[in-house]
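When the chains are written out, they are named A, B, C and D in that same order, and each has its own residue count from 1.
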Amino acid sequence: MADDSPETALPPIRLGMVGGGTGAFIGAVHRMAARLDGEFTLVAGALSASQERARASGLALGLNADRIYDDFEAMAAQEAARADGIEAVAIVTPNHMHAAPAQAFLRRGIHVICDKPLASTMGEARAIADAVAQSSAIFVLTHNYTGYPMVRAAREMVAAGALGSLRVVQVEYAQDWLAEAVENKQSDWRTDPSRSGSGAIGDIGTHAFNLVEFVTGLRVEALAAELCSFVPGRQVDDNAHVLLRLQDGARGQLWVSQVAVGNENGLRLRVHGATGGLEWDQETPDRLWFTPFGAPKQLLTRGSAAAGGAANRLSRVPAGHPEGYIEGFANIYAEAARAIRAHQSGTKAPGVHFSTINDGLRGMAFISACQCSSSQNTAWVTLEP
Amino acid sequence: MADDSPETALPPIRLGMVGGGTGAFIGAVHRMAARLDGEFTLVAGALSASQERARASGLALGLNADRIYDDFEAMAAQEAARADGIEAVAIVTPNHMHAAPAQAFLRRGIHVICDKPLASTMGEARAIADAVAQSSAIFVLTHNYTGYPMVRAAREMVAAGALGSLRVVQVEYAQDWLAEAVENKQSDWRTDPSRSGSGAIGDIGTHAFNLVEFVTGLRVEALAAELCSFVPGRQVDDNAHVLLRLQDGARGQLWVSQVAVGNENGLRLRVHGATGGLEWDQETPDRLWFTPFGAPKQLLTRGSAAAGGAANRLSRVPAGHPEGYIEGFANIYAEAARAIRAHQSGTKAPGVHFSTINDGLRGMAFISACQCSSSQNTAWVTLEP
Amino acid sequence: MADDSPETALPPIRLGMVGGGTGAFIGAVHRMAARLDGEFTLVAGALSASQERARASGLALGLNADRIYDDFEAMAAQEAARADGIEAVAIVTPNHMHAAPAQAFLRRGIHVICDKPLASTMGEARAIADAVAQSSAIFVLTHNYTGYPMVRAAREMVAAGALGSLRVVQVEYAQDWLAEAVENKQSDWRTDPSRSGSGAIGDIGTHAFNLVEFVTGLRVEALAAELCSFVPGRQVDDNAHVLLRLQDGARGQLWVSQVAVGNENGLRLRVHGATGGLEWDQETPDRLWFTPFGAPKQLLTRGSAAAGGAANRLSRVPAGHPEGYIEGFANIYAEAARAIRAHQSGTKAPGVHFSTINDGLRGMAFISACQCSSSQNTAWVTLEP
Amino acid sequence: MADDSPETALPPIRLGMVGGGTGAFIGAVHRMAARLDGEFTLVAGALSASQERARASGLALGLNADRIYDDFEAMAAQEAARADGIEAVAIVTPNHMHAAPAQAFLRRGIHVICDKPLASTMGEARAIADAVAQSSAIFVLTHNYTGYPMVRAAREMVAAGALGSLRVVQVEYAQDWLAEAVENKQSDWRTDPSRSGSGAIGDIGTHAFNLVEFVTGLRVEALAAELCSFVPGRQVDDNAHVLLRLQDGARGQLWVSQVAVGNENGLRLRVHGATGGLEWDQETPDRLWFTPFGAPKQLLTRGSAAAGGAANRLSRVPAGHPEGYIEGFANIYAEAARAIRAHQSGTKAPGVHFSTINDGLRGMAFISACQCSSSQNTAWVTLEP
């Protein structure tokens, strides 16, 4: 489908991974995303803080024993020294363990693909930003929902003026997997404020916030939030209601919840302008609803002519053959691959987009502003531009 | 279907109407609602402030010439004096013209079925409340969405504990018919603050607010709002974002808009408790989605066994034969008829529910609190219980 | 909404009813449909073959005692003799009891509104047709699904060429209420071949067949059918698979079932032409999906500009306020009222449409052809034009 | 998610490919499916009948020049002779070019993963079957829709009796991409009877037929079909209406169309038994609707507890993160990998399922029976068991 198919004659990019030992959900997702287009090959890993688990995981993934590391520092040092060392690293550790490895690899010129949110504290985030500023390497933040083709279509339509001037943005990200006081592999660090830095607003709120700014092209200028923690004993927020003031007078509402029983992964965005409206739901990501004012609602689908160029360059199979979460995530890796290839050849990669360190800092500012507003009885808090 | 079918041997209740001349949307709806079950017969009207239009409308509706009135005062006086005078009156005038006729008929012991919101100002609202307090007559406010059977089912399920303790309530009422600066029959008084007293928050926000309190059984204790007016030159709000604090620690978000392009009449409610969640959408009113935590989402349908008693007593046709807006509205009239019959016979009407003067005052308090909060930069404003 | 609103100055049409005693589903539906627009008033009835039930039902409906009849013959004779006698009669008895009353009233020039299918045998059907031919009165068959505005829109679009030449028609009517061997009020005569003449193909198959011919404007020329009876002991078909050959080379498939667990009242129609496709589902009747070939699917809604004139003349409330089964049924009554008014005034009622005796005969031919084909191992059977 | 995750310590299976040169849709899909779990590595190919294109495609895919072959015979011979030769081959050529390569590789003990339908003629199909019978190698037919987890769930539920005895099966596969006389890369051989052997019934009908037998566990015993070709000049069927008689008295209807405007890839299956019903739509493949008779419809989702073991062993990401076409296709490759690993180690692969040569022969029998029935005016034709 895509004009700039990632299937190329170039050998795959050598990838390392920090975190993501067997059993970790997000590590497996990154690996599938990296594999799908054949643009990356995983050759090294510091997959766990537990030496034993790091080793077992590395073997299970087919890594050579000498490239299974006990810690990321050793990996950064040794891989940087190899002729066939990794060209890029995926960091898929808990939030509070992003900064140190990111700095270690950036310092050595190794490209970093980092899970979100950027960090657990603003201080860590700034440290990463400094490292990015001083490195020639590329830094990619995996706001994977921006990899969905129809999210790209939405952004393209807004930019082209299909909605007129924007007025109202409604975004929500509702889940229910933390509706009870569970302690499991996925949730344990997420519900520990010392490791996550926040609850729902960091884990999924940053996705929602990023999606708003990505699609609308408008910055959120201020917000007013109420964070709640409904489950007894929970130390982080599990529900947040946020009002948004965006550039150009647009207004919005953001809701994130991990206790909204009946929701699996309900990330939904609606954008309403003076002359049109858009609706998108992550659980049926190939579909984008567009209503020109006064005319029938239209169903735009990935792979169809109406999806437009921005969507179709990231599309793999024809319309009606659904693409999903892994494909969307893989698009971030595909974009990263294009950027890395261009970087290596000293050229540009036109049309490539991925979330950057700036998006990461915006996300941290969002978290911080939500916490600040909520602690001040929902006072409006300004976000620096 | 219903056990207490309104088809009875009793002659229909004699009804008058104030407002609702030919061409007025809501007057025609009230008449269809009144007719559907054969419980009311329209026999008198002061249908328009224009004498000519009042007369033409009355004739078109088959009223006898001597019961077509030029003004509601004459109608109240003369009908009260007739042996076959009206027993009830429907008031379907613009908001600022509710109070005077309501007082006139209540004073004479004639039951009042009044459109919402209660009034255009809190002063008028209190005057109506005083009249209700001093009258033996019944006062019904047509919050018609509470007439939908599956809204009744939702309320019954919440009350029965099917959701556990409530945590999060999301309600929205989104339309787009005022996305442009239109001036038409429906919108003219609605966009004139001297007649409506408010914009979207009064016209549709009171419905959303009422629905929240009706279904959850919880009162909103405080709210924080941002009202906007997006269409150039508009003098009333056409979009409102509101945060809600409800009893028992529940939290909510309310959004109303009349400029959300892509929405026709999108009143949607979601209620999430500790052990279950409910979702309902006015545009497919026969369907209620229920998710018990950890189990599959279920589709409860009007007319089915799973809908429960509260829904099925208001159901007219079997499951799968859709009932709609008029049927839901007619259920308010059917409830009113049951209450009036009971009142006339000195008995009780068990299980009957309709919105009362208190709901009307709550709605006015909601409008007022939204306006107050918005004027104070979204400060939290308390609603009196 | 509608330009030719049925709210007129004329007194309502005096209506009688045969069948439809208390507890009978379809009788109550006819009464609600007749009442909704105020165009009919029920003044007489022979509501049950049981004298006692006939009387009790008549009183419950508020009929005068002298117009509650024990049998339809007496009713026809006496009403025809009254100056204020009924102008029209609704026949809502089981299939095998349509012919005799229809003849009795037609003979006396009283308009007949008859439930479907036309009769239980072709002989009875022809007798009714003869009576219609010899009467000046109007005969209306309540194929109520043709009363849905968006079904009218579909027909109008096909006629206007929006789909190009038609190729494929898929229709289905799936229910599950007879999935078990139930004996209840609604099902007892329906599952008795001596009274119904057929099972699912008569009860709901005739609706599906009628809908196909109504919307496409094409006649079914031949069919091949397999009828089944899945529930042990059942004497009539409860499932039918039918292949259709239509005029102009179009082909179709029809499925009706009363044992398809998971379906409530699933009447669905899809029409595909060379340049466009339409989809409609009775359970969300206000929505019609239209796909122009190569362009996005569009959602056409009742009450919107895109619905077109044929739909909007039968529309009562604005878009987004759902209309349902009763409104659709009421549209048949509204059309009948327009035709009767025109008949009485010696004028024409332009644009009025309802199913006629010819549609009734087509339905009987459909039933007969299905039975014939199925008994001949699914041989193709021709339908007379 | 899955207990038997394919991420293992074993080196990937060496894969070759016949057909699938750059630009061919299905070849790219097979490669993504093979890559996703890291279980295969593409090392050789005879990617095109055009020598030039074969070479360019091989280089673009990163194959070593000495393993880019001009024809499959050379590839089979040389790869079989290498110590590091391919262990399996994917055959993704047009239908009439399946038999020869399949035989060549099977003869040398190389496992074959073959696209569907099995062949363009029954003679070719039998030749493949003979080769399978004489080979120790595994033969996998990529009926990829059986790889969707919720299709597995449906099969498991039917087998467990959740629907009771089956009565009615409705299947359809509707597309519209051939609604006009297009000549493009994908369609050219598909619309040439000498290469495809059939039209819609082979290309998509075999999928629908296979899905019915896979999910229900019942064989189709006889069918009656009408094939049509609507587009002027088209030499193969582009629409088929088929009646099905299945084992145990179940009945079904099958519709396939490539001219049904408004459909992208509409493969939909409904199964109705005495006590329950199931509905599944390929365009939202993570969702399976289940209705126990008399109870609310339930939405079963991939990744949830209710999906059951058969689904969850093929699930990669949590519920609500949609999986799509590529993941479903990759499940066939994952199953093949498990079977090949077991074959290589002389063990069994419990629970593994994929379509086999027998399914391929069933599909060919289906095509043949449809053509035979249609040529005999829709006579019933028996399928050999």
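Heads up, the rule we're going with is that contacts are C-beta pairs under 8 Å (C-beta built on N, C-alpha and C of every residue); 3 or more make two chains touch, one makes a residue touch a chain.
Model, not experiment: these values are computed from the prediction.
With A-D and B-D as the two chain pairs, more C-beta contacts join A-D. Chain centres here are C-alpha means, and the one lying farthest from chain D is B.
Where the sister copies chain A and chain B meet, the same residue numbers recur on both sides for over half of the interface positions. Separating the centre of chain A from that of chain D, both taken as means of CA atoms, is a distance of 34 Å. A separation of 44 Å divides the Cα centre of chain A from that of chain B. Work out the mean CA point of chain B and of chain D, and you get 55 Å between them. Shown for chain B are the residues that touch two or more other chains, namely 263, 290, 297, 301, 304.
Contact residues on chain A toward chain B in their complex (touch as defined above): 163, 167-168, 170, 172, 176, 179-180, 224, 226, 228, 230, 239, 241, 243, 249, 251-253, 255, 257, 259-263, 270, 272-279, 289-293, 297, 377-378, 380.
Taken together, the chain A residues at the contact with chain C in this complex read 290, 294-301, 304-306. Residues of chain D that touch chain A in their complex: 5, 7-12, 22, 25, 28-29, 31-32, 35-38, 59-62, 175, 177, 263-266, 282-286, 301, 303-304, 316-327.
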